[in-house]
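For reference, the structure discussed in these notes is given below.
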Amino acid sequence: MSGFTGVNSLALAGPSDLCFAEQRDQAEAVSRSRAGAVIVPLDFPTIDGPELLRTTRPRERFFSIAERFVPRPAAAGIHPSAVVDPSAQLGEAVSIGPNAVVGADTHIGPRSVIGAGSVIERNVSIGADCTLEANVTIQRNCELGARCILHSGCVIGGDGFGFVWDGSAHRKVPQLGRVVIEDEVDIGCNSCVDRATLGETRIRRGTKIDNLVQIAHNTDIGAHVILVSQSGVAGSSRLGTGTVVAGQVAISDHLEIGAGARIGGQAGVTKDVPAGATVFGTPARPMKQTLRELAALAQLPALLKTMKGWRAELMALKLQLSELERSLRKP
Amino acid sequence: MSGFTGVNSLALAGPSDLCFAEQRDQAEAVSRSRAGAVIVPLDFPTIDGPELLRTTRPRERFFSIAERFVPRPAAAGIHPSAVVDPSAQLGEAVSIGPNAVVGADTHIGPRSVIGAGSVIERNVSIGADCTLEANVTIQRNCELGARCILHSGCVIGGDGFGFVWDGSAHRKVPQLGRVVIEDEVDIGCNSCVDRATLGETRIRRGTKIDNLVQIAHNTDIGAHVILVSQSGVAGSSRLGTGTVVAGQVAISDHLEIGAGARIGGQAGVTKDVPAGATVFGTPARPMKQTLRELAALAQLPALLKTMKGWRAELMALKLQLSELERSLRKP
Amino acid sequence: MSGFTGVNSLALAGPSDLCFAEQRDQAEAVSRSRAGAVIVPLDFPTIDGPELLRTTRPRERFFSIAERFVPRPAAAGIHPSAVVDPSAQLGEAVSIGPNAVVGADTHIGPRSVIGAGSVIERNVSIGADCTLEANVTIQRNCELGARCILHSGCVIGGDGFGFVWDGSAHRKVPQLGRVVIEDEVDIGCNSCVDRATLGETRIRRGTKIDNLVQIAHNTDIGAHVILVSQSGVAGSSRLGTGTVVAGQVAISDHLEIGAGARIGGQAGVTKDVPAGATVFGTPARPMKQTLRELAALAQLPALLKTMKGWRAELMALKLQLSELERSLRKP
């Protein structure tokens, strides 16, 4: 594969790009592609056009090659414009981008990359092989495991949203805890993970969080959880291992979401969800129930019309019966 | 109009400010205003107070004057604190703000303004007359047309959210594509546009995107689309020309939204939407259908009570008929 | 209390930490805790373990002590990497962090702290004792009262989202107003407050705004309002004093929300809400009505089945009556 300089989609590829196709009905798109070569399944049609590389699992094979094309930071080392506190401990081959700020008593593990404009406050610990893209913020005392990816604009360790009404104003409850993010967690652009009031907000190993997601204080997000864009988890809620939360879902505070639960898009979860359950709707109910209710609702307008007819029939029947009774009584 | 130093609302204007009023019932507000002059329709009442400037289309006339008051960057040129890679190509009169970062092999068109703290990564191309406000991020390889406005905190080119479960962990699908933004596109504060897995995420000419909007990887957002705040479009979906997406709408992945479609606030779109259609609800249905269902639902609690009455009537009728039959059979 | 170096949760506390417990059923957790001391109610059980400090209101007492542990910025003063315009007026003991940018004609009140990487544009006024965390943006001409807290990534003064279709394109309505934020307002991470088209977007005294919240142009957010994460208020709407807006709520434009109103999670408010009212649902209706409708909806699938039975009964009854009549007429 040494001749390829990139990977691309069939439509946009050029002669030095590698592509893939999985479906037989992509044959025409493959033949029209300017790609240098296309990885296809063993039984893919023979066509004119780019060279075909036949294999059993074209998608897997392709992405395993594609990983080699993921760009690495231009150069390791500390950019002269970065502000790094002298007390910071940096592992070997750490890269710190232009205008980044690294606070006192921080610890950054080997080969981690801090993007341009990112701010790492004091006493933060970052594991090995992490990537922080540009303009990330990690506030004081927070901890990040190894091989994490933090995308641009995300904020780790903002204050939890806690206030007590003192009779004349909302008085701020001091937020003195921190955020702990375990290994291999990804956090999307402009997402927020708030520090605990006391103790920890924890995101466990392997969890993947999309853009614009809100993780409130004192939550415990289990391992291998998926949180899709614009979803939010309110204070102190706990998500079990492997929970899948779709886009724009809201999970209320102090709830327990069981392992492997699936929360449908835009659901509003107001009660605990048992392990393995699938819920949907606002308030969230078991998926089947919500779908059944929605199907019934679709019949309701027609039903209301029908029922006016029935009402008339019922009244007519009543009258008919009374008439009959009266006629029988008469003689 | 040379005597005016600003434009303002009637309530806040001072003697050197220009205002406008469209409705006759604003006459009292106009007379109370301290404005220097007020642009009004030809048939506006004559009042004491500020000078009235009568014209056929006061709003249009006003905003066409108001445009002259939009502030320009204080000074063109590269601020000494900015970090600009020597390989970057800058057009004439480009302005780069304090602590901004411009990466290698970037190209910035004439008169474009890069706000303070913004980060433009390597191999990015920006057209002429663009404005990037403070703290914007554009990641590697992305392309921006002419006359675009990117508001503070927005992130262009974050990784798409793609993972494959490999039996023990979510394995990241490398995101090797880019984002292409055509001419005259505005993107709001803290909004996110993700790079394609392969190929392009494309936002077409003249589209306007509000704050905190999520545009996922491989989407194709048509020309002149409106996306209101906190809406989101999931992976690979395509929006036709002139689609209007209201606030907090979610559009699922791999959908086709036809040209001129209108998506009502908070809708959850799970199916293709035909051109010109208006949809609403979660899951989104034709607007009229959803409104009819909601109207029917409002009658349902009363209906349930009524129906208990009918049930009783039906039972009574049944009994009455049986009694009658028995009484007739007896003799 | 001088012996304590921190406050923490019972589970995570060490021997130099102070904790609190309110409920008698926390007795076991208290006895297991490694805390140095625990503040408890007067009637808390006597247990082995940490020293107990008995008081009437343990939570209040605890948090009043805890406030002393909120960290202060490492050092007042202007970091050498910050870019501060010579015309900026800084009060005594102002702290400006690394790589922050402070524009021309700004005014920053005494003891206020500007976090690393934050950008304050020209002609901004910030009151006394404010905290701006890292990577905050305040755009030109905006005003901030005293004792405000702006969390990382929030953007104050982005352009309002205003366009007019001119027959071939969305033409931008210039956004020439500003944002005024009164005293003791908190704004969460990555939240956005847009400048007015003309005049002011105003957030009144004591209001607390969570993360990822959208406040559109020309809105007037009353005093002591609570806006929970991912909620949004559209253009020109007004929220009365003490309104409570739950997570992911959308409030449409040009609405009046009365003082003390409560908006339930994910509601979509499309009409004015009277003072003190509680609303829920999309479109938002009085909470009781929405709950009644949801309860009725839950019965609907069963009702539809039942009604098929009734239909059959009604038809049978009709037939029975006709038969009876015919049999009576026969002879």
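Per-chain residue numbering starts at 1, and chain names A, B and C are given in the order in which the chains are listed.
As a convention for this text, contacts are C-beta pairs under 8 Å (C-beta built on N, C-alpha and C of every residue); 3 or more make two chains touch, one makes a residue touch a chain.
These numbers were taken from a predicted model, which means no experiment stands behind them.
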Chain A turns onto chain B (C-alpha superposition, degrees, nearest 5) by 120
Type of chain A:chain C copy interface by residue overlap (half), same or different
different
Suppose each chain is reduced to the average of its Cα coordinates; what separation in Å results between chain A and chain C?
21
Multi-chain contact sites of chain C, meaning residues that touch two or more partners
81, 99, 117, 135, 153, 190, 212, 230, 248, 266, 282, 297, 300, 303, 310, 314, 317, 321, 324, 328
In the complex, chain C touches chain A at residues 6-9, 11-12, 19, 60, 63, 66-67, 69-71, 74, 79, 81, 97-99, 115-117, 133-135, 149, 151-153, 184, 186, 188-190, 206, 208, 210-212, 224, 226, 228-230, 247-248, 265-266, 281-282, 294, 297-298, 300-301, 303-304, 307, 310-311, 314, 317-318, 321, 324-325, 328
For chain C, which residues count as touching chain B in their complex?
81, 83, 99, 101, 103-104, 117, 119, 121-122, 135, 137, 139-140, 153, 155, 158-159, 161, 163-164, 169-170, 172-174, 176-177, 190, 192, 194, 196, 198-200, 212, 214, 216, 230, 232, 234, 248, 250, 252, 266, 268, 270, 282-283, 285, 289, 292-293, 295-297, 299-300, 303, 310, 313-314, 317, 320-321, 324, 328
